[in-house]
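The same chain A turns up in both complexes below, where it pairs with chain B and then with chain C.
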Partner chain A sequence: MRKEPGSRYYVEGIEVPETPEPRSEQEQWTQTEYVGKPRPRVDAYERVSGSAVYPSDTYLPRMLYGAILRCPHPHAVVKGVDTSEAEKMPGVRTVISAFTPDDRATQPHSELIHTTLFSTRCRYEGETVAAVAAETPYQAWDAVRAIQVDYDVLPFVSDERRALDPDAPKVHDEGNQVAPTDTYERGDVAQGFAEADVVLEEIYRAECEIHTPMELHGCVAKWDGDSLTVWESTQGVYNIQAGLAGALGLPLSKVRVVGHYMGGGFGSKLQAGKYTIIAALLAKKAARPVKLTLTREETYLAVGNRPASNMRLKAGVKQDGTLTALEYVGSGASGGYQAGGTSLLDWLVRDLYTCPNVRTELTNIYVNAGPARPMRGPGHPQCAWALDQMMDALAEAIGMDPVELRLKNVPTVSQARGGSPYTTTGLKQCLEEGAAAFRWKETRAAIAREGNTNHLRRGVGMAGGLWAGGAGGPPSTVIIKLFSDGSVNLNMGASDIGTGTKTVMAMVAAEELSVDPDAIQIEHADTGTTQFATASGGSKTVPTEAPAVRAAALDVKRQLLDLAAGEMGVEASGLTLKDGKVVSIDDPSQEREITALRSLRRRRSITGVGYRGPNPQGKAVNPFAAQFCEVEVNTRTGEVKILRFLAAHDSGRVMNRLTYQNQVFGGITMGIGLAMTEARVLDGDQTGKMVNKNWHDYKLPTALDVPADMTCVPIELEDPEANSVGAKGLGEPATIPTAAAVANAVYHATGVRITNTPITPMRLAQALADARKGE
Partner chain B sequence: MASRRRKPAGKAQISLVVNGEPTEVAFSPHKTLLEVLREDLGLTGTKHGCELGECGTCTVLLDGQPVLSCLALALACDGKRVETVEGMARGAVLHPLQETFADLGAAQCGYCTPGFLLVAKALLEENPSPTRDQIKQALAGNLCRCTGYLKIYEAVELAAARMQGEEAEAKEETLYGRR
Partner chain C sequence: MLPKFSYVRATSLDEAVRLLSSDDGARVCAGGSDLLGCLRDQVFECSRVVSLTGIDGLRGIARTRDGGVRIGALTTIADVAADPTINQSYPGLAQAAGELASPQLRNQGTIGGNICQKPRCWYYRGDFDCLRKGGTTCHAVAGESEFHCILGGAGCFVVHPSDTAPALVALQATVRIAGRRGTRSVPMEEFYVLPNQDVRRETVLEPHEIVTEIVLPRPAAGMRSSYHKVRARGAWDFALAGVALALQFSGNRVTAGRVVLSGAAPTPWRSREAEEAIIGKQLDAATAAAAGRAAMEDAVPLRRNGYKIPLFQGVIEEALLAIGRA
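The block that comes next holds the complex of A and B.
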């Protein structure tokens, strides 16, 4: 039973209309033939053979190469740009800057970020100053170097912890606080602390991370008259279309964006970049296609980050484990422009564990550094870093097992949403089944029994989690065509960012239409030829698109059975599809091959349309998680070896066991990066520039850094209310508890708590030395 | 040297054996092997990740050895054998490593996959039955931001077993996880 639509849905802050209700009744699947089984990706051949064409592999005849001149200073006024030398250089076809007579170049490039395409006041290292299109990339870069820019270098501030000091340089003339401090309050925190047996307070910090997907940000732009086609490495072609059309003043219909394959995004490829618009402008001026691929260094500076987060958490607990109060003060670095510096940074404190008295405040702060963008679970891994380390400390203070303390405080309603019930809350099962599969109690007992006095110390740690998103929702439209030979074409706008979206959707269509998923051809991620879909992000692609695919398949099925009913002389309601045949439910001997249906052969195809229905009113749909890990710490060197990880996730129905596990292992690995190695380093004292804008100095986890023993335990709760397939999001939850679990394990091994990411050998060795001094 | 006689003006010309095929290619002499493969030979399976020698994404085999094609000057490759991901399959029949990468989900976004495949191929040619640690050491120079590497190790192990003639299948726990 579906509730009347009541809530509103937003895309990039803009309210969007809901798509119509799905037309057929959709009971949850009880038995499945394809859904839930492990299935290799339908496009695996393309991905492993080198034949998949990524946007960066697009080479067009007469194509030029673009390059962008970026401000080398963290804060500067551009007084003038002299492009005359550059324009005379061989191969150079077009040069543009804020001083080029073209009104598009100086208009705000986005409704969301109030900056012009080329800046005359640059607020971060890497802001766009000018751009060139030339016959070869080398000529383009030579020309960029020949552009003379007259900078008036201004004082900068790169640390948000100092940016609100009265004497701090102003990133924006109005001041460095992006918006008034955002506060949330329920209950009475003072009363809660008065009731507590133990009150602890700690300051935590998570350093800024960079997404660094393997494929660089970039696009190819080509004009045909007044129509623009762009091949872009993106998570959402329709977002790029809207960004381009808005910036260039074009009707949406004249902007076609294609993004069939893409090499990772993690939140940094949700929106049109300035480079996309620049490529389109260069292509227009030169009347030639233009390819503009950023360098790796540019992607460290200018296409987003997980902002540095500062968190002060005070927590009260009773001796029996009841949480009485949480008080949380967070701040984050928005960067040079208005961006989500504190997006969802307090959500876990508000929602994850039952607590009647909660107060949070968040302050978003400008600094002279690249603007933030969503990164895999915005705000959540940082908040978990604080909250779940605090839970660990509270458990120790009251002498309770950390798992027991969390079990004691499992919520039944979404407290942050005024008490709306969750459709399903798998946190309890994640904690219990995860702990059992990990052998949590046994391992802790063994470590206690064997003692931990050697310089190699073992420890186990865990953390809980939920993701504020993961419900999905309208709008989404999907079209499925069934051909007269029974094969199927699935048309959807969603991008497959490597998570296996195409595969899952083929499995959903196959389930309803009883065809082999390999017989399904998928058209996707093309604003010119496929249906509208929101961007693939927020762990919402499966719960958004799968119900629309199912509805489209059911629409096809209904029409097909109607045709067959006429030919077979049986009521359509008494028919079903099995192995390419229409079969009578009551008398399975009555069957007909789909290919033998004369009316279908005359029609040649059946087209079905499916829409994503609304989410249940007054209910919260969220995925939950608990992760457990074991580490070995070398107390002489401060090195941490992560021995094993176990992740128990409630993301509703498992759609594809293989891609599910992929998400979990990949998420853990990104969380290990946050915990152990990743941090943007700015030279805050002298130049304000980023000093580790490459993979040599900014360390990702490598094959040597991840545990060989990773286990994924799906908690597959039936969730018929969430949506018609019963699935919730998974990609982001998988990275939320990880870093906190590692920090807790390090504490268990050493008795030293690292409150600032990453847990580098130097930081840990120092903390161990300090602890020894204190003894 | 003979091959350079009739080179177009301003261009260098070298001979390569690309995926088994003797090839003459003329290009601007400052180009890297990565650029020549992608731009002049149309072999875009070799990906561009950083052009700084940090990520392994552009790895190809040069005379059988893994090389970062973004750091190799094409001119220095004259007369050498180059193998790219496009040369791994025999027609439409995938190399066992490609099969196992596909089947186990070792390729997610797939962008780093060609580099991993070629490093793994070179490893298995030198050491047909590597241990997990030897696989990790061999692959440690290649970055992947999606998979967490575990499926990649398992894919290499499964391919190694199959190439040794075993009728190996993916382990149950590889597909379903341990419960």
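The block that comes next holds the complex of A and C.
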């Protein structure tokens, strides 16, 4: 049984309390004062000035520094660890390994595989072997280097395409296939291909990418008797709390995790790392706070990746553009342990375009390399790389415009969910309005007219997309306090992972309470003091938290109007809030300053509680997208210049025009990384070690790789059914179609189709030379 | 993490030479942008870091008496890129400096450090057994060789990382060197050492020697120079394939000059084949393409860098056609 998409991130079907009464008073906003307007971030000054305190900026009195010894081999048995030299070194306070007592905590790698904290059989380069805490980071690293490890180096396999060969070394003794191949089927593909006028087949591959957030993974751990506080760079403090409590056998209540600011995660900071637990153990043993920040190199090896994906796609289409069949075989690299090597890798094939006959197969494979983790839209950008390049090829084969072909196949229901209707689907509008704003037809006509025979060739490309998550859902609890001076305190557990969550939530509360967002102080991401929230991931933070914030604000508003009604001698239902005043709806001359309400002054505060209500029954809530780009290719050198990008997104209501645009431009930038520059390189034929584990050799796109001309076209459909604010997720959809759009534009410019990411000058210069030879 | 070392800031050249001579593990530090990375990655041992930044007179760009230019070793890359004289008389060098790395690195890195920097081979820099580090193998041969050389390799297959060096070779620059036995001058073309001469070093510098300045001769009449570079991303990256040209024209005919490749070989690589293909000719499409092919005649790719042959042909063609039009 395959899990429902997005179930990693939140829980469906649980009982949730609701305030106010389900859906009462929660009409969709029609006119807004704050929501939807472009508003700079509430913490912009702190972030830009450097005064924001991130976990990596946290220094506690008497704090020690931790460092981890990691296995340098992709596959090895640890026969012994000699820490005697290290223990004697200056400044060293404690050393732990698999061979020291009391350090046998286990850590969940996934629901099914628990591993010990320190491995005696290391299945990837970078597994933890021992750890040190010392007075300075330099002393800690000197001590790590002084630890002697006796390794029995084993044969390894790094390429998932070879890992299922009978003679391939075994990552796990049971074999290298993580689980039986997962299949999905609807209709009859053989029949579908028989009905097609054109059938095409192609093999695609997306290379492994690393998340590389700006802030390194790490934490500071401090004990207070038997209770533990951890400051961690994380997407979800409650996930870290659960990971720590589980591994250390502590009650949840004794573990406090704080994560106010964090410098990016992209899916790699959804859970507690081994390093988190190691920091806590070192701190316990040394009886001192310990800071453990990984090095950049460690983060390349051991804290997740977007797995390499292999995709074979066969597609059938009729001359009129009707898709008749899609057959898709995918495989991916789980890494050394069970992880989502193929998670959601077929979702777009199943759900994006109307097709009655679909068959997919996914095989998740162990290799001796770091385990995968969700990365911004797991499975989707890779699947789009295959599917939307295929759509382009089909369009060409039947002589149809690529946008037309997609428009011909826009579904109104979620085919992969047995035909559940979408609350809203803006795919058609994304395609149409995006193409119009991009001047798609005109640009294609102009390129055709000019002949494109120079060595600098222009091309345009596009791709569609949807994200299997993006609905959000319970549980989430938010508390809002209104003070007697009219200022407001918003308390929520959610992390702001750089997307502007705090700003959006302040705008939501401000909207209902009619106060300036700047009057709202936000307390968040602290398991000790803020309310339960799921991790910020899966593009669900706005659709999960904003309705809970709105509900809490409405709860405050109801109580406040009740108080005012008594004092003003008016029915509460006839009152509303406006600019810090309670105003009669019928007679605006009847008004009272909130600060003038006697009963509020006596009470000092009003507290409102909001819960996230359930999602609509039997309906799918998903965001949709279409992206368009124009490139110029130098056919002598294979250099690609992306001239412009346009992204049309249906993510429901735009909550803040600025942070919306940030997500879209950031998503495009990351997609350009997949398309053009990024790939993990393993020395697979010799040592199995990663050769490009730094920011120079692993090439992230720079400002010069991203066009200055980027346009964001929100398709704002009203979606009252989705949730009480009508917003859907945006962060992940923004990066899903990007790489495929680039590949299609390069093809349009050159007639050369690059099916393996990234499209570097290396790959393209060779492909263009091969094409010239073939001419 | 950086290993332990002592740090001394010399205040004179003599003192610097003495500090280098008295400790086998001493290393020169200019901007430190390459050295510190090497130390952090433990590419080589270093017990003493001798900083040159306290020495007067090693910085700045000045005209020489015979109409050339002298660039102090500590002049930053950014200053070289922005200098009006260099832009006017040696545009190829200004372009190479301006295309290199990133703004931060150009502000920090010096021209002396740039020509003396260590190779960027990921096996050399990483935690691998490596011939150049005194090990027994070159992993590039049977490994991940997409960034390695196609010319001049022997045992070791690094490429020289500098962008300014090929431009300086093309412009016939000379390096001034101070050391225990006084000063000497070496033409840039003879400054570098191929692996078949000595796989453990990149330049002719002795451990106690310091580059003090680079001298460019007065540009000949009709001289044009340029630098073209292809890299895997728009900035903050070394050349996959680059070409420095310094060509003398009479009318639109090339009469003399040099074609020097970056990203091709363990040293800046002068392509006499390409030079032969263009000297005496006008740079039309056929000549440019022929020069590109000639430059690659002896190229021997490794497993992963076969793309460099069409890429070099393309960038040489592009550079020649552009300079011919200039």
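As a convention for this text, the second predicted complex is superposed on the first by the 739 of 775 C-alpha atoms of A that agree within 3 Å, B and C clash if a C-alpha of one lies under 4 Å from a C-alpha of the other, contacts with A are read in each partner's own complex, and residues count from 1 in each chain.
In the analysis below, contacts are C-beta pairs under 8 Å (C-beta built on N, C-alpha and C of every residue); 3 or more make two chains touch, one makes a residue touch a chain.
Just so it is clear, the model here is predicted, and its values are computed rather than measured.
For A:687, select first, second, both or neither according to whether it touches chain B, chain C, the two together, or no partner.
second
Is A:141 in contact with chain B, with chain C, with both, or with neither (first, second, both, neither)?
Touch status of A:141: second partner only.
Look at A:696 in the shared chain and tell me whether it touches chain B only, chain C only, both, or neither; answer first, second, both or neither.
After superposing on A, A:696 lies in contact with both chain B and chain C.
State whether A:603 touches chain B only (first), chain C only (second), both chains, or neither.
After superposition on chain A, A:603 lies in contact with neither partner.
Quick check for you: in the superposed arrangement, does A:41 touch first (chain B), second (chain C), both or neither?
First partner only, chain B.
Could you look at A:52 and tell me whether it touches chain B, chain C, both or neither (first, second, both, neither)?
first
Please name the chain, chain B or chain C, that touches the greater number of residues in chain A.
B
Check the residue A:765 against both partner chains and state whether it touches chain B (first), chain C (second), both, or neither.
In the superposition, A:765 touches chain C alone.
For A:428, using the defined touch cut-off, is the partner it touches chain B, chain C, both, or neither? Pick first, second, both or neither.
Touch status of A:428: no partner.
Which partner does A:186 reach: the first (chain B), the second (chain C), both, or neither?
neither
Can you list the residues of chain A that touch chain B in one structure and chain C in the other?
138, 295, 696, 700, 702-704
Touching residues of chain A toward chain C in the complex: what are they?
On the chain A side, the touching residues are 72, 137-138, 141-142, 295, 455, 634-639, 676-677, 681-683, 685-687, 689, 691-693, 696-697, 699-705, 760-763, 765-766, 768-769.
Tell me, which parts of chain B touch chain A in their complex?
28, 30, 38-39, 42-52, 54-55, 57, 84-86, 88-89, 94, 98, 101-105, 107-114, 117, 132, 135-137, 139-153, 175-179
Of all residues in chain A, which touch chain B in the complex?
Within the complex, chain A contacts chain B at residues 38, 40-41, 44-54, 56-57, 59, 136, 138, 212-216, 261-264, 266, 293, 295-296, 437, 497-500, 657-659, 661-662, 665-670, 694-696, 700, 702-704, 706, 708, 710-714.
Going by the contact rule set out above, which residues of chain C touch chain A in the complex?
Touch residues, chain C against chain A: 1-2, 4, 102, 120, 122-123, 126-128, 139, 142-144, 146, 230-237, 240-241, 305-307, 309-311, 313-315, 317-318.
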